[in-house]
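Encoded as structure tokens, the structure appears first; notes follow it.
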Amino acid sequence: MVNRLTDQLFTAAVWSAAILVLVMFCWLLGDLLLQGGHHLSWSFLLSAPENAGRSGGIAPILVSTLLILAVALAAAIPLGLATAAWLAEYTRDGGRGARAVRMSLDVLAGVPSIVFGLFGNAFFSIFLGLGFSILSGGLTLACMILPIFIRTSEMGLAAVPDEWRRGAAALGMTRAAALWHLLLPAASPAIATGLMLGIGRATAETAALIFTSGYVDRMPESLSDSGRSLAVHIYELSMNVTGGDEAAYASALILIGLIITINAIAQALSERWLTRRIITA
Amino acid sequence: MLRRIFLFILAGLLMLQSQTASATDERLVLTGSSTVAPLALEIGKRFERHHPGVRIDVQSGGSSRGVADTRAGLAGIGMVSRALKPEEDDLTAHTIAMDGIGIILHRDNPVNSLSDEQIKAIYTGRVRNWRKLGGPDRTITVVHKAEGRSTLELFLHHFDLKNRQIKAQVIIGDNQQGIKTVAGNPDAIGYVSIGTAEYESTQGAPIRLLPMDGVAATVANLRNGRFPLSRPLNLVTRDGITSELAKRFIDFARSETIHDLLAAQFFVPPPHVSR
Amino acid sequence: MFHADRWLAPLLATLACVTALVLLLILGFLWNEAWPVLTEGGWRRFIDAEGWYPLEGSFGLLPMLWATLAASFGALLLATPIGLASAIFVRFYAPQSIAGLYRNLLSLLAGIPSVVYGLWGLTVLVPIIAHWRPPGASLLAAILILALMILPTIALTSISALSAVPTALLQGAASLGLTRKGMILGVALPTAHEGIVGGIMLAMARALGETMAVLMVAGNVVQTPSSLFDSVRVLTANIALEMAYATGQHRAGLFASGMLLTLLVVLLAWWAAHAAGETRHG
């Protein structure tokens, strides 16, 4: 009897928490829509900013953002998957190598974003000579999303049952083949989660990009051009430009739309290319 | 199917890329004050339209960065939102605009003006309640700027205070943060750029600018030089090492053709524009 | 036949090393920049000094350190139960269609820029708190905003961890007559605990390193917080506020505070790993 009651209380608690999150989100989104909704239009998406961003649109900024993201993912995904695979498959639990890499990841996760920006500026922009560029920004972001991505991917790989690995070995598959065709696909939900968290972090990042990919709001012609990301644009409009609030909120709405789209694509891709290959019992 | 969509988007991006001009453009880089940056950005765009084949890249990072980068040759021109200090005599300042600093209160606060003494008392914590100044019985929320900012230095200098003496409840970074903080708190007092405050209050932000020394805090009074608390917005260059392009840009920035851009950012032209 | 494997292991190991290398580079950079202030007086001056007046050479970091810890742990305290509950909701209570939507909602929240959270906090949350107790920009505001920001991380990683619990275990629990609550608390959570703790660690690191949003809502006065309504300045906001205008010793001092923060995260991660006990996997 008591069991039933506590079970119901528990259910109520869980549902309340879920609803609370929903309410907070609606409040936030509602405020954004209220303040910036009327600033949205097709020309907003397709034209260049004018009047310090208060009128005109955000087309070059969208392009810069996507390019920075592309660079960050191109650097972080191979590196991240390789490190996760190495940690999950090739190291002993207490092994020195594993501990060293894991510790590095924990520390990396804790470095403040503004320090990443200053580091990115000193290393990518000045030392490697990339200057204020999309490349600098993307590579700096890659450093930032590695810890999240690797940790979730590793967890996913670790959760794959050992029998699968033994089965693959028994069939004569190389470890490389087992990894590529079996283990990674099996871990793909976790990898996708890591990817989405990483993308979320990357698109949300402001401080790191001000010092690396910069402030220029022109349409970038190459990866070595400086380009403002959407988050930096929002910051600039709301904190620095007089009367830029409306455009800032509108840009925030676009950013949210962008994230929804990218997440949907990431999810669909991970399903298509990876999960479908495996039929689970 | 998804692969095709992906490739389509990629192709589209690449096409957008190839539409713009080539890489043999002459380039000028400006870094520095985030207050000057939006203005410099717009002046730069207009300059580019008048001079095809030229690129003006503006980066922010703060006045100190502007000074450092110009000295190191990383930037052709530095943007500095204050007068140059004595130890910065290896640089030349070209003033392109003036900005004023005014005290703001929440619109619902009945207090109409404050004397210099009263402002000093509030900011040093000697007076903590609006009651003593003719207002409601509520604790004052003092809003102050972070160390190193030009606005702060100007404020301290004008009221002859040291930063150590200030007792604040909220410390802000940029102007807009100050405005939003005061707008959200009926007991707050702060100081921000006059142009910004004037604009925001016409847009409905519940704030009010106070007169200083009896002079109303308006952009008009900045323009005619009557307002006591103002600062220059400067483009600085390194003595002897200024490119032709930089000189042309500075001349352009000080000409009358860009006065509408100044007005759009709520600054005023410098008092003695010779060209 | 086993050709591929001969280069796979070293390749993976090398790439993993690159990751560790990035960290070394960052630490090296921090050390290099903080050097000038560390040589003159070492670490002690960060604790003994009477306040943060960098232009006068006084680098007392303690109040900001306490503020950082208070804000981050407050946020964790708030976000962990709610995040976990959301994860449990998605995995065990929600109908299939809602689960997918809710998960997307969480991914979305994870991607909203800190600037937007900060802006919303400044224009909506802070005035509400100010109404209750001025100044409004306070430790409480920082905790609330941070909690909102790290909640998606905790929820999403927990969902991942809970989904990895073998269904056989859950079916076994059901067949033993456990209620849903009993199954969740007694079987699913303990099994998934490593993944969940991992998520909490990530969230903690995020909270400690968050700059923009906290800068906008916390008030930024350098003082040790004595109540939730006190205005505080966290270490990251300090760096962001002053870095652009700092030169020489001041700048070095800011980098030193960045190092302190990183060190803090490492210590906490190490402690958490030991306290939770590393369980074996694979």
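Per-chain numbering from 1; labels A, B and C assigned in written order.
In the analysis below, a residue touches a chain if its C-beta (ideal position, glycine included) is under 8 Å from a C-beta of that chain, and two chains touch if they have at least 3 such contacts.
Just so it is clear, the model here is predicted, and its values are computed rather than measured.
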Touch-based graph of the chains, sorted into line, ring, star, complete or other: complete
Could you compare the number of C-beta pairs in contact for B-C with that for A-C and name the larger? A-C
Centre-of-Cα separation between chain C and chain B, whole angstrom: 33
Whole-Å distance, chain A centre to chain C centre, using C-alpha means? 16
Any chance you could list the residues of chain C touching two or more other chains? 123, 240, 243
Enumerate the residues of chain B that touch no fewer than two other chains. 34, 61, 173, 177
So which stretches of chain A touch two or more other chains? 238-239
Could you pull out which chain B residues touch chain C in their complex? 34, 61-65, 68, 138-139, 141, 146-149, 163-164, 168-173, 177, 180-181, 184-185, 187-188
Give the list of chain B residues in touch with chain A in this complex. 2, 6, 13, 16-17, 19-21, 23, 34-35, 37-39, 41-42, 55, 57-61, 173-177, 193, 195-196, 199-200, 203, 264-266
In the complex, the residues of chain A that touch chain C are 3-4, 6-7, 10-11, 13-18, 20-22, 24-25, 27-28, 31-32, 78-79, 82-83, 85-90, 93-94, 97, 100-101, 103-116, 118-119, 122-123, 143, 146-148, 150-152, 155-156, 158-159, 161-162, 172, 174-177, 179, 189-190, 193, 196-197, 199-201, 203-207, 230-231, 234-235, 238-239, 248, 252, 255-256, 259-260, 263-264, 267
Residues of chain A defined as touching chain B within the complex: 51-53, 63, 66-67, 132, 210-211, 214-222, 226, 236, 238-244, 265, 268-269, 272
Residue positions on chain C within touch of chain B in the complex are 53-56, 122-123, 126-127, 130, 134-137, 215-216, 219-221, 231, 233, 240-247, 250
